[in-house]
Structure formats: C-alpha cells, structure tokens
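Next come the structures, one after another.
In what follows, chain A forms one complex with chain B and a second complex with chain C.
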Partner chain A sequence: MTQGAWGGGAVRAGATRADDVRRAERLGSMASVALSEAEKVYIVHGVQEDLRVDGRGCEDYRCVEVETDVVSNTSGSARVKLGHTDILVGVKAEMGTPKLEKPNEGYLEFFVDCSANATPEFEGRGGDDLGTEIANTLYRIFNNKSSVDLKSLCISPREHCWILYVDVLLLECDGNLFDTICIAVKAALFNTRIPRVRVLEDEEGSKDIELSDDPYDCIRLSVENVPCIVTLCKIGYRHVVDATLQEEACSLASLLVSVTSAGVVTCMRKVGKGSLDPESIFEMMETGKRVGKVLHASLQSVLHKEESLGPKRQKVGFLG
Partner chain B sequence: MPGDHRRIRGPEESQPPQLYAADEDEAPAARDPTRLRPVYARAGLLSQAKGSAYLEAGGTKVLCAVSGPRQAEGSERGGGPAGAGGEAPAALRGRLLCDFRRAPFAGRRRRAPPGGGEERELALALQEALEPAVRLGRYPRAQLEVSALLLEDGGSALAAALTAAALALADAGVEMYDLVVGCGLSRTPEPTPTWLLDPTRLEEEHAAAGLTVALMPVLNQVAGLLGSGEGGPTESWAEAVRLGLEGCQRLYPVLQQCLVRAARRRGAAAQS
Partner chain C sequence: MAMEMRLPVARKPLSESVGRDTKKHLVVPGDTITTDTGFMRGHGTYMGEEKLIASVAGSVERVNKLICVKALKTRYNGEVGDIVVGRITERRRSAEDELAMRGFLQEGDLISAEVQAVFSDGAVSLHTRSLKYGKLGQGVLVQVSPSLVKRQKTHFHDLPCGASVILGNNGFIWIYPTPEHKEEDAGAFSANLEPVSLADREVISRLRNCIVSLVTQRVMLYDTSILYCYEASLPHQIKDLLKPEIMEEVVMETRQRLLEQEG
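Coming up: the complex of A and B.
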C-alpha cells in the first residue's frame, strides 16, 4: 500500500514516521512557521510519549488569561490570551427586523477580522479566507436552538428584535485559533448587557420605542449552553489538545469538536489535508468531550469570580 | 455566474408565496433509517472539461467538472527535501482549488448567485475531503480546479457533490490513492431521535442535526467530516459516523461500475 496522508493507528506498510513527518505542512491558511526536519521528528516522537515541547501532557491547555469589559463602546467585550494567541471580541447589540422564517427570535451575526498584526501573511486580503472559515464555523456552532436563547432577543414579533453583532479580532496568532475564539465569544456574550426597551403603541397604531432611563437596567444572556470548541490535532499515533504553531505544522489532520458544558456535541468538523482513521475519530471525540467539560467548568468559575469583583476591579487591558 | 445587470431590477425584497401559505407542516414519512436512495452516476459527459461527472440521488442533481493541471499562480518558490515515492517537496506540491455553486433555482427559495458564506464553507469542505485522496505531490507547481454545480437540492447535497467531484477527478485521469465517497445523515428531532441515512430535503428541513461523512473505501480512512446541530452525546454522533461509513461502502460498487463504463465508452470513441 502506498504511503497516504493519513495518521491513523493502522499499520502503514513501508512508511516510517520520518516519511510522515517530511510530508507535514502547515494547516490550512494559518501562519506558517519554518521548522527543520529534525525539529519535526523531535516533536512527533515526544508526543508519542505524552511529552510536549513545553512540558505539557497531550490533554493540557496552556495558561489562559480572560478579561471581560475591555472596550467601553460595546455592549460586551472580552480579551483572551492563550499562550501567544490573542483574541479580542466585541459584541454590539442593535435593533433590527427579525428574519422572515423566525419572526419571534433575534439573531447573531459573526464577523472575524484577521488583522495584519497577527502575521504578515494577513496583510490586505490575505486573511479573508481564514476569517470567513472561522466565521462560518461560528455560525455552525450557534446554529441550534439551545446555544443562545434567541427568543429573549425578541422585542415585538415580526417587527423588532435585537441583533447581536459579534466581531472577533485576531491580534496575534500562535496556534489553536478556534478554541481561543470560542472562549472569547463565550466570555463576551456573558459580559453583554442589552438595554431594556419597551414598545409603546399609540391610539393611531404608530409604535414608539422607549429606552429605560436607568443605564444599569439591562438584560443579560444566559451562556450556560454556549459551546466551546476543542481542536484535537493528530500527530503520529496520538492526538493533542491545544497545539502550538509548531505542533500544527507537524499534524496533517485535526478534528474540531464543539461541546457544551453538559457534554452535548453541537458541531464536528475535520480540518486539514490528511485523513483520519475511524477509530481515532471516536477516540478524539471522547477526549474532546472530557477536555471540554473541564474547560467549561474553569471558564465559568473564572467569569463568575471576575464579575463578583464588581466595578472596583483593576482592569489590566493591554498594559499587562 | 456573473451578476445579471441587464434585467430590470424588481423590488429589493421579494418572498416566495409559500411563506404565507397556511401551516400545512407535512412531516416526513417514516422509513427504514438505513435505506440509500438509488443513485445514477455518469462520468465523462462534458466535452470541454478534462474530467466530469453527473450524479443523481433521489431529487439531488450535481454536475462536477475538473480542469487542469495547469500552472499555479505564485509557484516560483522551491526547495526542501523531496518526499518519498518520487513526490515533489512540500513547497512545490500541487494545489486543489474547489468551487461549489448552487443554481439559483436549486432550493425552495431563490438564492442569488454569489451565495456568500455557505458556498465558500462547502467549497472548503470539498477541498479538505478531496485532498487526502489526490496525489498532489505528482503535480508540482500545478493546480487542479474542481467545480461542483448543484442543479437541484433534494437532500444531502454536499455528500453528492463530494462523490461527483471524486468521480470527475478519476475521469480526468488525476492520480489518486482512492475514490472519495460521501454520505449524508440527519437526526430526527425529539421525542424519538434516530439518525437517518441519505435524508431527503423534507427530512433535512425537519432535522435537529445533520452530518456529512466522506470515506475512502479501500483504505478505510475518513477523508472528510462536517456536522452540526443538536446531535446529543458523543455516542450518538459516533453511531451516526458508523452508519455513514457503512453507507459509503455500500455506494462504492455503483461508482466503480460507472467509471468502468466511462472508460469503455472512451475506448470505443477513440477507436472509431
């Protein structure tokens, strides 16, 4: 059997790990990193022994820093740093007309901007493809009834509803973009405060929108069921969670799983140029669910702790 | 399809009359969850394309054409070690450019040609599923263009497009490790969630979750996977993937037959 671009646990006659590694390329259109063959072999062999270059195990995340309410002009915002990956999300709530097929619900619109700060390849239109891919994945994840309660975004059926414009900015890219972006979106939605409005109707039937006077009178979204993405990269015979750019360069195929805190999977996608063995897909799904639950629990506790510090907390922002 | 500027522009917003129809929600009929619709596949039908294929499964009709290999833009970089088996080094490998288009009359509502995000997402899914199968290392500095056109959406459109694209690549004589066979699934909503193989458009509209699997049957490797919705726990998704893979294996002999017939036709045409 000829060497294919697969990295499953099956026997590959005639192909050695070195062949597999030589064919390793960068994942999709993300930032490329120059790695020598020796470095790739080092990474691949280390992962087989559950030892990664920075000392983590295969299922460990890097240190995550989350901060909400960093941008003042938005209804909600969050900034997440995972290693050197830096994402800034701003949510703006605006009033608009509901979609025709769903007259009782509001909706979310995602936009992802890969700025040229992240890597020079994103200059001009270079980052558009990656931005569209990430935005499409976000639409897919939120495309079910239970993620966000869209009915609470309705003001009056068929006429007015809240549209949440979620804008994601990629400031720095060091691998594992999808996970970080999803954490940031969840934190930003948790932080979103939508002002309470009332629709008053006159005798003639003309409608008037009244904003409540108290600026702190707002509705909050429940983010209990907002999922988190876990990207599992297949390196050699094992899979790793939270791959750095170097590790992504050694991986041919990854599985992207989106899990909620209850362990329900809302989206699954294979990413990359290689193929996956069916057995590894099942293993990776189980790992994704396990890791996702832990991620949700820690994120919830951090967000609640940050909120409990109240308005007097020290904002680190971009200075830390 | 370019935007059509010559026709008189109608009102900005137009809706199909079905939206205002009385709520006659026809639930899809119950059926055997593992049934596959009969498939009609034909390769080698477009004269201008290097390779082409037409696939019809139930109400879904897809036409796919492959052109190339031609010189890729920005292909002046070089260097790096050569891969095993006489393949080009990583920087010189060929590229596969996929394009997925939906005809405006394909679905229930008219969708203007630049379909935006959804078409690009499906084109990316096509590319990610076909790349493991094509020996791009044998086409250095070249690009292969695959364009899939969905004429009618009768359910599991992406799966049909994947299969048609793989047939078209094989018909074009592109070196491949294996064919890629696609299969669609959808999950019925509560109270009895079951995964249905090869859903029709009605079943897809009423579904709580959908999944498309692409398999390379001989190598038994999953080339592509795309699913979303309220699918439930991981066991449910795993069961769906297994069902999909089984469906792909069942579809494979039909595609082999189709390619053999196309080769015979080509041989007969060359002789006469």
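Coming up: the complex of A and C.
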C-alpha cells in the first residue's frame, strides 16, 4: 500500500512507464472485493441475459436519494446516496484574484477526500491516488466554456473574482463512484448561493467591495450545462450502467462518458486493464448519451421539487 | 431503462411500525441492568459493585433466573457446531500445500464448513468433514449482521420456490440454484460453471432482494421468514423490491404472517 502511495506522488514529478501501469492497475480496481471464479461466471452470464444479481436490467440505476443544503457553513452542499455509495459535496465561495490567462473569469477548484470510513483500503494515504484521479477527472469535465458560466463569477477584471472550492467527501463506497460524485457536484452547485457584491470606486480611484446587507441577496449559478458522468462497465459482451462493487470486479474495462442534459458528450475516458474494440466504444457512448439525458431530467425534477418545498421542508440530514 | 431519484425520507422508529406492546429494555455498555443479586448472569453481562452491568449494547432478555443481553449488532463469535460460509483470503505457503490444495481451493473461493474448535482469542478452526460442506459453486452471497441469523437445527435449506440457501451463522448467506443430482454435486471441489437458467436466476435474485429487505427491517432470518417474504414479494417486479416503500410493505406482510403463525 505505501509503495502505491509513493508511486502516486512520483507521477507529479516525472512519471515513469512502470508507475503509470501500476497506477492504472490500481485504479482499474478501485475499492474492490474478492470474488470466486464461480461467482464471477454467475455475474457475467446474468449480464448477458439482462438479469443482474439484484434483478436490474443492464441500463437500470439503483435508487438515488438527493438532499441539498445539508452543511450549514458552506455556500452550497449536497448529499447523494446511490445504493450504499454515499457522497457529500460542499461548495465554498471565496474571493480571490483571477488567473492571469483568464482575467475576466472566476474558477472552480476541486478536492476529493476519500475518507477511511468508506473502505479500509483508504486508511492513511491509501485513498490519495483515487482522490487525485477523481479530482483530475472533474477538472477535465468542467474545463470548457459552457459547463459553468465563469464570467458571472468575475467581480472586477484582473483584480477580484469568486473562486468556488468544491470539496467532495466519500463516505461510503459501493461501486459507481464517478456517477454519484457528478450528481452530487451538480446538486451542490445548484444549491450554491454566492453573496452579491458591488464594486465602489471613489474619487482617488481606489476600489472598495461592498457586501449587500440582506443575507438572502445572492446570485445563483446556472447549472443547465453542467455535465454528468455515466460509467459503463464492460462485462462479457455487454455493458452495464451503475455497476456494484461485485460487478466492477468482473469488468476489465469501463468507459466514463460525460454528458450534458442535451445529450452532448463533453469528454470520455477509458479506465481498466482490459481493451475495448471501437464498435463497443460506439455502442457504449450511445447508451451513455441516452442514459445521461434521463439522469439529467430526473435530477432537475428532484432539485426543483426540493426547492418548491421551500425553507420549511423537513431536513433529514445524517441522523434521519 | 429505469432511473429514479427521490428526496430522502426520515426513518420511522421500528416500534411504531411493528405495533409492539411491550417495550424492549435497551441497554448500552456500562448500564446497570438490576441491583438484585439473585439472578444468574448470562452472555453480555458482568458483575460489578454488587450490581449486574451490561457489557454490550442490546436488549435485556430474561429467562427465569438467567439474565443476558442480546446484542443488536455484533461481530461473529464462533461456537462449536456452527455452520459458516467463508471466503479464503490468505493461505499458508508451504510446498505440500502448493501441491495438494491449490488444485482444489484458490484465494477468493467460498466454502461452507462447520466450526470444530474455538480458541481463546476468538479464532475458530473449521472442518469440512462431511459431503454437504465444501467449495461453493455459482450463486449469490449476501452479507448481513450475524445477530440476525436465527440458530436452528439445520442451516441448509432447499426452498420450495426453486433455489437453495445456506444461512451461515457468521452472517454470510449463500443463495444458489438447487443442484439436480444431490449425490454427485454436494461437497464436490470442482465448481459447475455452466450457465444457470433464467428461471433459476429470477428466483435467486428475488430471494436476494427479499433477504436484503428483511435485514433492513431487522427481521430474524430463517427458512420460514425468507419463504413468507418471497411469497409476499411475488406481486412485485424483482427490481422494484429495491425501493424502500416496497421493501417496507413486503416485510410488513411477512411480519403479519409470522405473527399469525406463532399465535
């Protein structure tokens, strides 16, 4: 375990081919379970017949529970449970200076913490590799002009902007981490309230930033174009959506497709030791687009339903 | 394709939904159970300062003069004669071991066995000295808390719905298709890797979801409760049994039937 953690650290400095292979192998089996050959055969045959172990079809998701505004001292937060996978995301908006190459925009910073609560493999530095990998994937997904309107985060060009620190906490891991994390990030961004500020210039030209007195006077981000990831795991000759830990152990290759609500693919990544032939990739991408559209529609309706309940809704939180 | 997103619902305390008249006496470690010294102390209790104190978190059970505390959620404590289902995680690496065993058992394999002896540190030694034990073939494993598996005369059940189940005392439940030729397959060390039929798969998946529902509602697992739950779940689709409200409904019906059967 410690060797793996050091291998992950070395990637930053100057990665060797061996380090890359080792890292890819470890990520191919993130938080894994041991299965016997007979169990794997049973799962693989079941998938071919479109009847998974828990009775779902290949394109069915487990029940998802979404709740926003669970952490009080953040600008926005969300908790998402998919089966036993439990993710908590908090967004904090802080003022800072814009990046040199993009002076008219704010930006997002992602940090993923794989808590040791999720699985014993994450004890100590064990979860760091996975955390960095998820954070890098999130950076890639959001690294385009249309996902989040970064210009709305600008306060005064070249001087002040809003930086959104998005912190993801893995509480429990039961397969399908990327999908759940993206749903939670989207819900948390939907819930984010950034205080409205005004820039006042006085006669000498020095600028002052004034915060509005009303605590409810906020600007909200538009999350229409925030994409969601759909993970498709190749098992045997077919692919499944929302794989459990056991199903992930039977799959040698997976495709992560990041889809917007309009069905547009923003980025795609393959993980795992196995290979995928181009026809499979095309099929999986089509499934990802189809499933992604339905996912976005469900998420939008749940978030709007929650908002329509108003501030008097009964919060369930962690002790519900 | 099915996709369902919902808002979380607060859990209802179980006693409300069950409608139990007598409330359980719940204790946590360190709680005084009674100051009456006439009682004999059973599992989960110890004597300290002239009173009986609980050492585990659970409910107090009294049988005449014996008081014990039944823990709600425990690690498995082995007893001689228990049936367990286990997964091989590590093995001794010696030359004879390599030659003899590796052909039969690999790391990751599941076996059913009986507890032969318990060591003082809690470790157990197992034996598979009967044809009904041995390596397990194709099927589904469900892991539950050991406290939910009821102690019975036999833990191997061939359910009339078409599948068989092994209720390991350690909380590992193994569901598998009933083998047609019992004499050949039982205890064999080479697993049958032929595809299981779709009908059998449906029964196994349904049983798996039923067991998970019973466990979320904290109902004791034994052949009758699993069977009643299976029958109560038949009107629903297998994947609908994963939804919380359908789980509650099915388990409620199972509880009713179990109460009627007792009374």
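Just so we're on the same page, the second predicted complex is superposed on the first by the 292 of 320 C-alpha atoms of A that agree within 3 Å, B and C clash if a C-alpha of one lies under 4 Å from a C-alpha of the other, contacts with A are read in each partner's own complex, and residues count from 1 in each chain.
Everything that follows uses one rule, which is that a contact is a pair of C-beta atoms (placed from the backbone, for glycine too) under 8 Å apart; a residue touches a chain by one contact, two chains touch by 3 or more.
Computed from a prediction, not measured in an experiment: that's the story for all the values here.
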item: Which of chain B and chain C A:Gln314 touches, first, second, both or neither; value: second
item: Touching partner for A:Pro278 - first (chain B), second (chain C), both, neither; value: first
item: First, second, both or neither for A:Glu37, with chain B first and chain C second; value: both
item: First (chain B), second (chain C), both or neither touched by A:His45; value: second
item: Contacts of A:Ser298 with chain B and chain C, given as first, second, both or neither; value: second
item: Which of chain B and chain C A:Lys92 touches, first, second, both or neither; value: neither
item: Touching partner for A:Tyr61 - first (chain B), second (chain C), both, neither; value: second
item: First, second, both or neither for A:Val53, with chain B first and chain C second; value: second
item: First, second, both or neither for A:Asn144, with chain B first and chain C second; value: first
item: Contact residues of chain A, present in both the chain B and the chain C interface; value: 37
item: Complex contacts: residues of chain A adjacent to chain C; value: 34-39, 41-42, 45-46, 49, 51-57, 59-67, 81, 241, 290-291, 294-295, 298-299, 301-302, 305-306, 314, 316, 320
item: Chain B contact footprint on chain A (complex, rising order); value: 1-6, 8, 10, 15, 19, 22-25, 37, 100-101, 132-133, 135-136, 139-141, 143-146, 253, 255, 263-278, 281-282, 285-286, 288-289
item: Residues of chain C defined as touching chain A within the complex; value: 1-11, 87, 89, 106-110, 136-141, 191-193, 195-196, 198, 201-202, 205-206, 208-209, 237-239, 241-244
item: Residues of chain B defined as touching chain A within the complex; value: 15, 19, 81, 83-85, 87, 90, 93, 117-118, 120-121, 124, 128-129, 131-133, 137, 177, 208-209, 211, 216, 219-234, 237-238, 241-242, 245
